[in-house]
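Labels for the chains are A, B and C, by order of writing; each one numbers its residues from 1.
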């Protein structure tokens, strides 16, 4: 059963179209990540679900009820603002109780529910503090408790972790996911951070320039991005442009990038005038064809090492091919010496690791 | 949000006050300023004929003199106010610890909030015959009742108000100039005084200009300072309007002067501010 | 080497200028405070030789001053209340609603700040004379309301624009309608701005001379007007005593402002602090 449904939702501001024909749905108990670069329309989408903007066209349904002309307070939506929007003149207790009071819970219910919520976000003992006396992480948890307190049909999180520093973000991401699944909240998370989107979301909706470009489980989108934009936005990638040949018996096509550089790639399921191929850095292995245990149809490249960067768990190697293309290879650090990556280098990858997309015209 | 009926209701008191106590009275002043005045009356007669005389009269040298004098003295006081206010603002912004900064700001605000009359009276006691007038005039070699000394005291009276205002306005400006810039200039070989003249002061130009504009408009409409400290020898346009009312009850002439003064003030505030913001602050 | 001398000399010159300026700002105030305690019964030269409270006794037994003080306080309280109420209403609309001519309306609301006070006083005098209404208190009050109104609008507006809009939105997602969101969130947060506006309005009403001079009558006059006429005709130090009393008012107002908004916020802090 879907909790939230968007049907062909379009939002125009004057002549500018912020969101164009967005259609997706959120299932009960599911966490959905709305991912895209800034200005792609994801925040506008969120604000239409919350009721701060009316769609120019299309419908927003919450619990199968059309939300047209319903004010924010007539919907049961929990919203976690990017900067938390905690009421500075109210204590933690009063902040969490605010929604319950406005929704006419009685005194005893409010006290009970506030205690329960602060327990959930591990903030008991902070009841009487003002928001200004809390750390960024604590503020975020108060805001979350406040948004969850009224048992909303759907919880909307607007860039929930962006105001925190990198290390805290990692910790809180895990905590956030635990809290959300503990209460079984149906959640939409808006973010521009692909790691955040993938780690929190059961499903991704990728947006670009007001349109939804792809939706599906995170792994699926990472493995099979449908456009160059999606492939580039999610994860690191090496790109080659070339001419696609006919398919062979194994459903593999030749892909001629330059003279002396032809790859085997899977046959695409669509037609396009020109194609591009993307290879993820971590799918490339250093070594020659002999090291692939006799597998056939292996793509092999050779080039010279330009740069080696040891980033802790990973090593990034930039290799230049004879044709001038540059490739980034990501290797796991397992104690090897950096001297291995010097001078000329060979590397291999399987055709199945090549992602074929239509080239942007 | 779009304007609702409730919102329009909220505007009613404000608009009403403005209309009843400012717009309509000013409109009436405009009307009065074109009426012919007969000496001996109080104001113009209800059916007095219309005339440009009240404005034409102002081109007369005696009247122009008031405008020129007001502008000249106001200009001097504003410039000196900036020169004296800037170092104070700089020291408070850059050299003081937070506790001292609070004391400094409190001091400036205190002086600024001081009732005009308290200020004027204090200056009169200090720079008048009861105070250091004899010493000062002896030092300068001028007469205590002469034009020069009176004008000096009027300027001091204006400065007592302008210095804290200039300093407070500039405090914000200086706090927005990155102190690393002067340090960078010094690291690049500029001595400290040159670093200030080539880096700090040019970066404060918008602030200096707005402080000057605030000071200058305050001077132009100054009333109590010239009235008390000017002792009838230094008179500003405001005092001219007041004397039109209190001494000869020539309301039409007072109206014409009021209108000219109002237009000049608005011209300086909105016109010059517009020029300054488009030329200096945007770029 | 020469540069160093210039730096050195320049620093001392700046310190000297500052000390001289600060002396100029403080000394007259100290002089008038000391003079107000002068035991001599006439206006003598500074410094006083003996001290007493007799000028204060004179002030508090002189019905001319006391009437002025009473009128000033009554007018200031009423004018500040009226201006604050009207100003808060106007500021709320200016902050929360969008409509054509909004910018112009704001400029007009703030315009009494830039119109010379003498012009305001003069125009009100003519206007009320023309209509033949409003004598005494109401006439004086009208002048004080119009000069204090823009302060109320400006400080309330500054307080309101400092409130991030998403706080209202947060209240609305939690079930509050526009009216409830205003009273629960916006109003409590804007209250400091409103109180500061009222304090400013009170202070400027207490201080005004230019407008009041036109609108006073022999029976209704403010303390500053009384002091002006005394300054022109009388040569005694009751005015010094009156000054000190007004100074105490000023100090009180500054303390109130510091407690409710903080002095640094009155002037606005910058980005770079040493």
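Methods note: a residue touches a chain if its C-beta (ideal position, glycine included) is under 8 Å from a C-beta of that chain, and two chains touch if they have at least 3 such contacts.
Everything quoted here is computed from the prediction, not taken from an experiment.
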item: Chain located farthest away, centre of subunit A as origin (C-alpha); value: B
item: Pair of chains whose C-beta contact count is the highest in the structure; value: B-C
item: Chain centroid nearest the full-protein CA centroid; value: C
item: Centre-of-Cα separation between subunit C and subunit A, whole angstrom; value: 56
item: Whole-Å separation of chain centres (CA-atom averages), subunit A against subunit B; value: 59
item: Length of the line joining the C-alpha centres of subunit B and subunit C, rounded to whole Å; value: 16
item: Subunit C partner contacts - residues on subunit A that touch it in the complex; value: 50-52, 71-73, 75, 77-79, 81, 83, 85-89, 98-99, 102-103, 146-147, 150
item: Subunit C residues touching subunit A - in the complex, by the definition given at the top; value: 164, 166-167, 169-177, 180, 184-185, 188-189
item: List of subunit B residues in touch with subunit C within their complex; value: 1-4, 7, 10-11, 13-18, 20-22, 24-26, 28-29, 32, 43, 84, 87-88, 91, 93-96, 101-102, 105-106, 109-111, 113-119, 121-127, 129-131, 156, 159-160, 163-164, 168, 171-179, 191-194, 217, 220-221, 223-224, 227-228, 238, 241-242, 245, 251, 254-255, 258, 261-262, 265-266, 269
item: Subunit B-facing residues of subunit C, complex; value: 3-4, 6-7, 10-11, 14, 17-18, 21-22, 24-25, 27-29, 31-32, 35, 43-46, 82-83, 85-87, 89-90, 92-93, 96-99, 105, 108-109, 111-112, 114-120, 122-127, 129-130, 142-143, 145-146, 149, 153, 203, 206-207, 209-210, 213-214, 224, 227-228, 231-232, 239-240, 243, 246-247, 249-251, 253-254, 257-258, 263-264, 266-274
